[in-house]
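Below is one structure, written out as structure tokens, with a few remarks after it.
Think of it as A, B, C and D in the order they're written, each chain with its own count starting at 1.
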Amino acid sequence: MDIVFSQVAWLAPLFPLTAFAVLTAMGRGLGKAGAIVATAASLLSFVLALLIAAERLGDSAEDYTGRIEWLRAGGVVLHAGYEVTNLTALMLVIVTLVALLVNVYSLSYMKDDERISVFFAYVALFTASMLGLVLADNLLTLYVCWELVGVCSFLLIGFWFRKPEARAAAKKAFVVTRIGDLGLLIAILLLYWNMPNHALDYTSLYNVFHSQSEALSDSLTTLIALLIFLGAVGKSGQFPLHVWLPDAMEGPTPISALIHAATMVAAGVYLVARTFDVFEASPNALTVVALVGAFTAIFAAAIGLAQNDIKRVLAYSTVSQLGYMMLALGSGAAAAAMFHLFTHAFFKALLFLAAGSVIHAVHTQDIREMGGLGRRMKLTAWTFGIGALALSGVPPLSGFWSKDAVLAAALEKSPWLFAVAVVTALFTALYMARLFFLVFTGSSRGEAVVYVHAKESPAAMTVPLVILAVLTVAAGFVWTPWNEWLPGWLAGSGAGEEEAGAGGWNGVVVAASVAASLLGLLLGWLVYGRKGAAVSAAAAKAPGLVRILERKFYIDELYDIAFVRPLAVLGRALHVFDEVVVDGAVRLVGRSVQAAGKLNTRLLSGQLQTYGLAALAGAVILIVAIAGRRFW
Amino acid sequence: MQTVVQTLTWHDTWYLAPEIVLAAFTIVLAILDLALPKRIGRNIIGWGALLGLIAAGVFVGWHIHDLSTWEEAGKEPFRNLLDGSYRVDDFGNLLKLVFLGATALIVLASLGTTRTDEIPIKGEFYYLVLPAVLGAMVMASSGDLITLFIGMELLGITSYVLVAARKSAGISGEAAFKYVVTGGTASAFVLYGMSFLYGMTGSTRLSGIGDAIGNAVAESPAMVYVAFFLLIVGFALKLALAPFHAWAPDVYQGAPTPVTSFLGVVAKGAAFAMLYRIFVNTALYAYADNTQLRDDLYLALKVLAAAAMLVGVAGALRQQNAKRLLALSGVANAGILLIPLALDVTNFHASLFSEFIYYLLAYVLMNAGAFAVVAVVARGAKSEELSGFAGLYHRAPWTAAAMTVLVCSLAGLPVTGGFFGKLFILFGTVQTKEYWLAAVLLASTVISYYVYFSFIRQMYLRGGESELPVTVPVPTGLVIWICAAATVAMGFLPKPILEWVDGLFSLTTDFFSR
Amino acid sequence: MLDDLPILSMIAFLPLVGALVLLLVPQGRARLIRGMALAFTFAPLLAAVALYIAYEPLLGGEAFAEKLTWLSVPLNMEAGLSANGATSYRLLFDYRMGVDGISLPLVLLTGVVASMAALASVQIRKRWKLYYVLFLLLQTGMYGVFLARDLTVFFIFFEMTLIPMFFLIGIWGYFSRENAAKRFLVYNGLGSAVMLLAFLMLIATAGFSIEQTASGAALSFSGSYDVLAANLADPNAAANLNGSMFLSDSLKGAAFALLVVAFGIKLPLFPFHTWMLKVHTEAAPPVVMIHSGILLKMGAYGLLRFGAFLLPDQLRAWAPALAALGVVNIVYGAVLACVQKEFKLMLAYSSISHMGIVLLGIAALNETGFEGAIYQSVSHGLISALLFLIVGTLYERTGTTRIDELGGLASALPFTSGILLTAGLASLGLPGLSGFVGEFLSFLGLFDSYPWLVAVGVLGLLFSAVYVLRGVLGMTYGALPDRFAGLRDVRFVEALPMIALTALIVLLGVYPSLLTDAMAHGFDGALKLLQSAAGR
Amino acid sequence: MTMLGSYLTLAAVLFCLGLYGVLTKRNAIIVLLSIELMLSAVNLNLVAFAKYGINASLRGQVFSLFTMTVAAAEAAVGIAVLISLYRRRATVNVDEFNELRR
């Protein structure tokens, strides 16, 4: 079957890029019109993505690759190229869809901001680079886009630049993710010098690593894998580089939905999946991935239990879910990971947008000041509820299926990981329940005025919610025990996933996960849902534990002591060194010359006979030194 | 052995024409000065002196031409008078031209600037310059210790008087006294050395000494060393090489500005000429017989040069008085001028004289020019302090520009005569692998940036407290611009001069051939 | 059509002509002076672009090379030489100009940055005429350095940059400008003195050439690159001159060490960097644009030109040291930049850090590294020029460039802040902007031989993120102090150079082949030498 | 040769005396005279060499004649300068001739 649309896949990023160019060129004057332009662009690329996916639905669609020579320096030839596989097609759909919805949503969410066109320009640039990242056929191109999405997220986090917190959060996000990026960069350098004929594209990677060819030593492979994973850790907010993601919630809520829930943060998972051959070639690396993923999952979920900012709760749940995906990858089930990524994108975006709609209504993010909103904004409440249930893994919502697959994979890897995952599931359900009940049920705890004026958001915001809700419900059925379509389709090409059906129907798993989620929800209802349940019920029972959780295990403080302060100290020390020692040496030379001059001036006392004596002394020294050698 | 004394023939007077002309002009002008009534300004005598200098120069040029024609005719291009106690050769002639030219510039400049309160009896100054130059010329072209000594003293004594010419200022007298004592002591050292030289070799003829020195060293080396080191000390005093330099700033400051620049240029040049005559004709000539003596002496010269360069610039760092500053930079430049003589003569490096005279010429130009500017500025600011230069860029932009060129040349920045002069000397140093000396020269150059920076700072970066424009008298302005232009020209086209010098001068014929 | 007129000399000397013409314009006619200065600044840029278009990487710059004997100075011959049958013995100063893949990008850079600086010179408020005269002289010096093909000519042009720069710093700078100027002069004077010594060593030992004429052997010394390269590459060259000339390795080593010091001062290399801090902080922004945009690059250029092409063995021997020094530069500069309160100082230190990357590229000893070094030089030139352009406009409006005194400018000066942010991102090596390519190539080049050094050096990228964001966000983000409320954003005149530079930075980041293609084959000769050096 | 030796020694002693005088004496007149002393040491040398030196000749004596005359002239100028200076400063103490310094 012919693949016309895949050949023009490069148009997908081009639409938003053009939009970005137009918006920046036009400048702020554009206002609302700019927003329209950007939205139209994202619509175009969404359509294209759908077409591409559609033509690939048939199983035997072969991959399409197109590349140009980007730069030739001496022996080095670097390419820029794109590749369309089923995996990329899937990602294309996800990204463009969410982007489109967020664009629509923002049309009304951001309408009062005078920099709205700037906002949409950034979003467009982000969409473009994200699509580029997805389409890239080699690691260098990916790295370029990788950095670009990072910058866009930085720009959007700091979009409300007058807020000091926003500034700090933006800086933090950029720097922390950069740590990971450097790992990726070194990995690329290593690959360049060690791959046969310096190839960096996935196909060659597949050929080299998959065929167990002895091109690279095991240790080297592991090193490369780990470095790539470091990059993923940075982007996907895995422990220990997760600290930036919660702070990133300073950005406008649609951005949190688009970048920090659905797409960019998932890029790390995508990267690992894309270069999965490297990881498969090194079991140790896989184990590391699994462990980091599992730990992050439970760790973030635990923190999520005690947060009071609606967006931060979601942020930590994002971190935790990304941990799930990493766990799946680490367990060798890339398909499961991608599946979870797929579903998660929808319900997490849904949750964020719903949260946005809430914030839009009550102008606060602190759940302790909310409550009873369910009666005021039914649609939001319902959609949020669906998302929450999906996230908690309640069948038959999409979250259940994907989490199921992950858990199954984990169980294959090791029972301990499985256990951890199950507990995480329980936590997840618990904090989602807490969130839902505190926000939507019970009676309002904020000022009455706000509550009274809180009303359902306009259609532009609710429609995306509904769409996402539908998807949340439906998306899960692409891979159910009785319909293993997705893994097969993914395996059809690209990341190459033989042992696709990692999930399978495993009674234990299902039972455990369902039990965990239901238990969690029940707990949540008991503590927060019932009449007269106190907000700080948990805090009252176990204050110490709760404080630790509220302070996020003091990780930020730890880093501050461990890295930030020492760097500053070192800097100041070097500054002194520079002034005193290095420059001091220079000054010393100058001074000594000056001193010699002064000495000479002192000699010029006007006393003729002093001159004479000096001269005589000089003469004697000269003669003794030179003629003397001959005679003594 | 008793040599037959060759007497002076009428025919020989032709070869002495330049010297005779100068002597004649001196007498005539002196009488004129007495005869002329007071009301007539003494500038006439100045112009007369200028005329005399030019006339002498013409004759020198004529001689140079003659000699080159002889060379083409296959005849050795030099002439011995009084069987070699006086030589007319290219070495002498070239230096004579330099001296005459320099003096002419100085006289011309002084015609504009000297006021009665600086030199009460102007005429005196003008007709005393001539015998001084005469002395310098004699030093340049003598082949005998006695004549050398006469020339030296002629120059010395007249310049004592010139230094004292600024009767009004007490410092002038003090400077003169200091100069007399130093100069006298220096001559005493030189003479004492000469006496030993004569004693060891039994001849006062440089050629004779050169022939005999080999055995002398063999017999009693100590005496020869004594002789030469006495000479070195004497010349070090005369050239104000460190650490024999302390008198120079005082004398330069006290003397009238034109005299100062005369001392800085002509007196130094003459001393160098004498140094060349003696050392090349004896030590270098006897190299074949005895390398050790030569190595020691030349090492001494190198050390002196290095010391002079460093001490000179270092000392100049803190000077606030323009003339003292230039005096100390003169010390450094004396060191630089000494280098070529001190370098070995090898297959690949024999161009010591070209290096020397090229830098001497550049130095003459920049020094004369700089002193002319100093004179002009001092006239405006009533002081010779550097602060007098403040804001010169506003007050006299063109003069400031010229001064910038001259200062650049002093600092050895391209593209100026000073730069190429230093470059050639450096190249010689590197060719003879005296890297340490090259390093010292470069170091002193870098330090000298600081020194000359003080001029630039005053001229460009400081607003003068007196923003009144400086009036530049025509003759002085002329000199300033001649110097500046020539400096730049020497920077862009050193070739003609060097070709010319190379064509005329040759170690063997000018020094060694009898 | 270009190869029949001396385009290289035109590029080099058009500004000089401009300066001379300018001297004749009366002081008062400010507008006329400015216009002419601009004209004579853009003329060479256009010429350079024409050259770039006409330049054929495969052929190299042969078509454009210019050679005429400027001075042939006689050296007195001793009997010994004539005995060896030499008939003439001279010191040649050839006026040689040439262009190749290394100098072409830098010439273009010079043109661009100089033009932008000229545009930015609207900020200059006093002594127009002198300023522009010196400005033009400076340009001649810079073009000459990159185009010269003879040591003496190179040195003269090199010195020609010294004096005008000294005045430009000393007269139009900020408070302690005199101090800065003096430092600049003496420090760089020292550098050029050391360089001169090394040059003379090379000329006196490796600069000789003997041509057999009818009358006999004509022996001459010259500093032309070709002669030197030929003699230095030929192991038994010393024999050509009955052994009395020596090209001992020790001497070559000494010469190279001197060159490292000389160009290290310009670059600036770690212990020799303190002078340029003062210049960065005290000089007027347009002057700093030139200084940090072009003059620093001369160091890199000199090391490449004389290291790779004349003394490959020594470069190879020094490569580890250079790489290590490069890493030191990167980290040292970056860490220091992280704690600066004065934005200009921060930029100065970041320049140190970025030039360290250039060193890495040079130490890589392969084409990738070399091209990376040049690319990095060019991109850093553009970026720092842009940054200081902005610094100038900011200082003009706010009267300060201290990070802790500024803030929230993005709301008052959105355009400027946007450009500033872009420049900052470029300087922290964001892909898609020019900074990334140079850094990536340099790292890539060096990684083969010294992976660990690269691994450390990459830290520089992290720190650069830290200090750039700290500085830029500190100035533009956050709340706007009331006293800046009334600020007005840039006028079109000021915006123009900003836009142009930004466009170039983006262009070079997106489509690097623009430069790399021109550089292709530029290093072939050097690489051959290095190979043989490795062989020995 | 012994004679020569003793003459030279005497001359050396004279020279050193003169030098010592120049460097230490406070009275300007004495300083000038010390210079003369040094010069006469030279003359002694010359004459001694002329008599006893290798290939003795009149040259040395001639030289010494020149030296004397010149020395006289020099002394005259010296005294003249000193007198003009004395008119202004009313002292001949060398230490006080230090208006020019630094």
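The working rule: contacts are C-beta pairs under 8 Å (C-beta built on N, C-alpha and C of every residue); 3 or more make two chains touch, one makes a residue touch a chain.
Keep in mind the model is a prediction, meaning the values are calculated, not measured.
Of all chains shown, the one whose average CA position lies nearest the global CA mean is C. Of the two chain pairs shown, A-D and A-B, the one joined by more C-beta contacts is A-B.
Work out the mean CA point of subunit A and of subunit D, and you get 96 Å between them. Inter-chain spacing, taken between the CA centroids of subunit C and subunit D, is 63 Å. Inter-chain spacing, taken between the CA centroids of subunit A and subunit B, is 80 Å. Taking the mean of the C-alpha atoms as each chain's centre, subunit B and subunit C sit 42 Å apart.
Each of residues 601, 604, 606, 608, 612 in subunit A touches at least two other chains. For subunit B, residues touching at least two other chains, in rising order: 177-178, 181, 185, 249-250, 450. Residue positions 186 of subunit C each touch two or more of the other chains. Counting only pairs that meet the touch rule, the chains in contact are A-B, A-C, A-D, B-C, B-D.
Subunit D contributes residues 19, 22-24, 94-95, 97-102 to its touches with subunit A in the complex. On the side of subunit B, the complex with subunit C involves touching residues 345-354, 393, 408, 413-415, 423-424, 426-427, 430-431, 435, 438-439, 442-443, 445-446, 449-450, 453, 457, 460-461, 493-495, 498-499, 502, 505-508. For subunit B in complex with subunit A, the residues that touch the partner chain are 177-178, 181-182, 185, 221-222, 225, 229, 232-233, 236-237, 242-244, 246-247, 249-250, 292, 296, 299-300, 303-304, 307, 310-311, 314-319, 328, 447, 450. By the touch rule above, subunit A contacts subunit D in their complex via residues 601, 604-609, 612-613, 616. Chain contact summary for the complex, subunit C toward subunit A: residues 186-187, 271, 273-275, 332, 335-336, 338-340, 366-368, 370-372, 375, 408, 410-411, 414, 425, 430-432, 436-437, 441, 443-444, 447-448, 451, 454-455, 458-459, 461-462, 465-466, 469-470, 473, 476-480, 512-513, 516-517, 519-520, 523.
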